[in-house]
């Protein structure tokens, strides 16, 4: 019997072979060590993400999330829904709030759900993986399993937007949240100071208007370098992808020489907990984190 | 009065004894100070030291004491002997703390100390314990002029404190502006909706209050007398006159809206669809009474769109219209917009403003209006013109940065407040002057101006309260909003400063407080602020008076009238004890028991002036006790050194400086005289209003005297000093001393 | 002019603010703006060309009844959903959502600017996500690249080649997904039925508003 | 043991700032017995930490001097410093109040000669100067401090420094055994005048008050401009002591913001307009001020003041709430935002940024140890039932000095109404 059980909402990007599959891998390893049981919500669906705003109406968006609520509630009763993806967490939480605050919206949602043979009684809590780590376990608990502290490694904790605004992590400020830095320090790394911690990576604009988004990504990476970071760490799949995979194009566009690995907090923790490069999904990094690969090898 | 027994007490504490020869000081006090009793003490302000002095008072019959220790500003709790005359010789802040502890300095420091001992002795001998004003009036009834929100509040609050009130209202009903309102701006949490104007309730409370006597359709025909004994004649409805004995007065005569007819560019008068804020209140009341929506005056159709034009004829830097902001109009327009939105959310209500001014919880009211759908646009209106049955409003949208136009069934102009503050006294006295010269137009003007008079005071200095900026009767002082220029008369509410109802009620309560305080103190013969509690009062030797009228003209508080024989007639309880009259008097017949030509003059004479060969000049400093003296004191506390040849005498006000002091000093061989007074001019700091200015004016005349004496005119210097000039003042003194030393010694030494 | 646009324009006559309040998600917040400019200043893309109207100006334009200017604006599509404006607004206006709402409305009544790349992404993303219930990243990227025709698609595809290859190597982009072998939900039928109902209800609700 | 003479005809005034002093003086000068309680070791409150007042540009210490003279001349006022009201029981006309007195370690023998200050070595943060400087641990808070008695900081009690202070005093004024005590006293009416505090600037994170040395608060700026402040009146920026000649003033820092203070603090617009005069005063045409604002709230005749500042070519106005402050390579704070009049985006570097922090009550309504009504911001509201506890000054509303004093004068009368009633009943 695991000490904690949750209804897992991995989200589209964290599936096998998807853009954040290495996030999933490392989260699984991390949870194993921490004895956290994550049961995937059966047949969960996409949250709609913020970007669907123009096409999706209000109700359809909420209905998509409502379906996940209903599935979680019926199949994994009493368990909080835990998302690892910022967008999934935000989308689901927004829907939960709106549905709970508007009886009209809720009624329509139930009507629509009926079409899929589902219904909502009580909407479960919607939480982010980081909340589980910090609130349900706490930094001390997270420190205990550390076998190989990431001594002398410098990371820029890049929180970005949607794990931070509008909900954020309890007790953290929107403009300068500290939890990511604390997580880095918990596993023995050094969190550098830099001023782009919560700057937007351009989000979906990275696809639609790369030239605009890449300007912002450049600022973020530059600041991280200026701060003396060797690697960037983030809790968000979209941030991870945007900041990592466009470095080549940015170098072309701006004549920079960026080559900085961008990792998930879960990858650091897995390694500090003694996990292998594979456990940590390091092979999933486009910009190879060689220093960590060596570290994992030792 | 009991026989005089003088004593000097010399403190050795705070290293005074290390820095100066105290036994020599004792000798000075005895010999040249001629004190009957002289004692020294190691620690004079200690319980033991104080007990020693008290014992001398109780058992040795000491009536006059010169305390030679620290500054008069220090240790006041210890040296507190109200039954005797007391002076303070400032040996600490004034001598040892502003001099270096060196052998070279020892001699001059000693001389300085000895002089201050002599001066303290001389001063106290010239003082008496003030017996208090004999001619007090003890009437405890309050007169409130004006029956609006402010006046009613003053009346009710004063009554609640147990005082009788006479309330005079010129119209047929109490309520004033507030009475005309359909609703008023909310005064309590959550500040979201207009509330009842509250007038009916107050009127009921006043009618039920046996302490309050109300005169409607009545005005003040004449106000004679002084605090505690005003005789007020009230012209009443019947045409007759009612007499009331009054102790103090609150003037709450309110405001009138700025005349919208002066704003033709905004279409006022060209179409009935343009109204001012009063006009809108009237429409709202009619509509409510008729149970109908607010309608368009032009054709009686229900209003579907309304535009509010803020700052109409206000905040006008050009000076054509009102230069100030009336403060209340933003909230009023918001409230009026709500009249429409609350009745029918589909009515378009637009407020055009340049700065929306909703201080404090007004921000909640602003938000509430937005929530109700009132639209706020930052824009400047250029014109309002009739257009069909409605109006066209042309304005520049400052946010979208474009000229645009809006159609509105109704346009409301927020025109602001003009105080009902009576005639401008300067204008009036000028008109009077010309009228006496036989100028017919001026006579006309006098009549016209007098017709606006509110109080009809019989004061030598005019029938009403002096006006401050823009015709309002506000106080000039930030720390003392009730520091008025007519003792025991206080203005309250919008007549003294633009304000909303809530502020006006607060203000009216404060004014009632001050009025009550003033009549209580007048009854005890005590001075009012800023010398609150001072029992002295000016006495005049009429036999010496030359009827030059300077005192009656210059008194900043209108305390002095002229009797039928044209002699000055002092109304002690109007007096604020500044001494301006004393300074003005060329024949020196005016004095106070605790402050006179002699208390200062004898100090000047007491200073030992070395001969011309000594190379020890003497410089007299007359320092204003509110700014300059504290600054010098703190210079001492901070151990800023200055020249050892200066001798400082604190004075109440530059206005109290009688030129005889200066001429005596120069004749006595002083090499220079430095006067330190506070800021004058528009932003004057003088709490006796024109005191420092008058003092300076008189000084400007001293130049001729100096020439007559063949002395350099620079020997008399006037310095404007602020209380914060702690570090700079010593430097200025030293610079001046250097200048004086560059002159040959005064030829008058040794005469 | 689309029929729906026509209908709305007539229904709300010259009261564009009311139109937005009733038809656009969160539109009722527009009136609460006090024009401080914090949202505009906080927007990470506010300096880009094409950022013709920042949020606060959009709000002011709505109040000023400038229907065409607002509905045709590119402004809303500059939103990266970073929520800076949302958390900072001193009036607590959910700016991000209001902008999304206006964008959705403009698009719904057929007034959104044509060929707006982010709008295109939004459409593509939603249809992709709802087709199988989960996003098929390869097809998503493809449909994005080919939005301007095959030629442009190949060109962009080449530009993005390295990016794509990198992801493939890292096992984070599965070419097979292109053949529709990606992830999907089991109950796709249910999802589609559910969404159809939701759209029907939403249309009904919006249509009911603003009628005298 | 401190003993206080107080009856049900006594008025207790809590707070010795300008509002509290005014209420106390007005009541006492009307013949009432007053106990004045102040938590600082000196009277005067926040006004004495201001360099100048708007609109006259006069000095607050001038008014303080007069008020202190009134106080010294009035035997009816008993002053308790280092004192805080901890409990109020009873009811209108008959309150029983407990007051906690912190030790000063210096008794009334003190002559303010300063020997203890010379003897002590430890330096502590200078609270009077908002901790912008350091002072000895035995100190006189300011030259205008009343009571004019030194204070020994608790931090050195039990250390040799404390003994040094004691040894240095010839007058047996240093009492190291001084203990905290709680006294109780009667009062018929209470005037609550605990004033205001600047909003905690670090909560407005996007302005980086706690990250950037050159982002300071409006109250701190007053000390920088004051000749008796930590820089001797030179406007030097904290990071490198460089003369700050290009200064930004950010209005509504906390005010008019539902994430911070929901109310408008009223005084800050005029405060910043006033502070542009300081810049002009020090640097003439070399000094530049920029005011970032939403609405300039220069109400009533203050408009004149605003117009004058507006006419000054060295002062510019930008209608914009600054969105974010960053720091450039030279440590200059950079204001980022959009000018809403015409939508011009800006990123302006300044030498120094002054946040016009809003006003919140020092003691919020709910924290007052008695039944009082207060609004959503914690300001005391008049109680329609009219109990015997009355707010005065900035405890009741965001007010400028002038209005605070009006409010305090009104509060004095309300208190007098109660004690007069008691007097009539007891007579």
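Letters A, B, C and D mark the chains as written, and numbering starts fresh at 1 in each.
To be clear about the criterion, contacts are C-beta pairs under 8 Å (C-beta built on N, C-alpha and C of every residue); 3 or more make two chains touch, one makes a residue touch a chain.
All figures in this text were calculated on a predicted structure; none of them were measured in a lab.
Hopping across touching chains, the smallest step count from chain A to chain D is 1. A summary of chain positions shows that the Cα centroid lying nearest the centre of all protein Cα atoms is that of chain D.
By number of C-beta pairs in contact, B-D leads when B-D and C-D are compared. Per-chain CA centroids place chain A at a distance of 23 Å from chain C. The centroid of the Cα atoms in chain C and the matching centroid in chain D are 50 Å apart. Here the CA centre of chain A is 67 Å from the CA centre of chain B. Shared interface positions of chain A, i.e. residues touching 2 or more other chains, are given as 174. In chain C, 34-35, 57, 87-88, 91 are the positions where the chain touches two or more neighbouring chains simultaneously.
Looking at chain D, residues 206, 256, 319, 340, 343 sit in touch with two or more other chains. According to the touch criterion at the top of this document, the contacting chain pairs are A-C, A-D, B-C, B-D, C-D.
The touching residues of chain C, counted against chain D in their complex, run 34-38, 40-42, 46-47, 54, 56-57, 87-92. Residues of chain B that touch chain D in their complex: 13-15, 43, 45-46, 70, 74-77, 80, 157, 160-162, 188-190, 315, 317, 323-327, 353, 355-364, 378, 398-399, 401, 469-470, 472, 474, 477-482, 497-499, 503, 506-507, 509-510, 512-514, 516-517, 520-521, 529-530, 532-533, 626-627, 630, 634, 637-638, 678-679, 683, 685, 687, 722-724, 726-728. Listing the residues of chain B that touch chain C in their complex gives 348, 366-367, 370-371, 373, 375-378, 397, 399-400, 404.
By the touch rule above, chain C contacts chain A in their complex via residues 25, 44-45, 48, 77-84, 86-88, 94, 96, 100-101, 103-104, 107-108, 112, 117-123, 125-127, 129-130, 133-135, 137, 141, 144, 159, 162-163, 166-167, 169-174, 177, 183, 185-187, 190-191, 193-199, 201-202, 205. The touching residues of chain A, when paired with chain C in their complex, are 12-13, 15, 17-22, 43-46, 48-60, 63-64, 67, 108-109, 111-118, 161-162, 165-166, 174, 199-200, 202-205, 207-209, 212-213, 216, 245-246, 248-249, 283-286.
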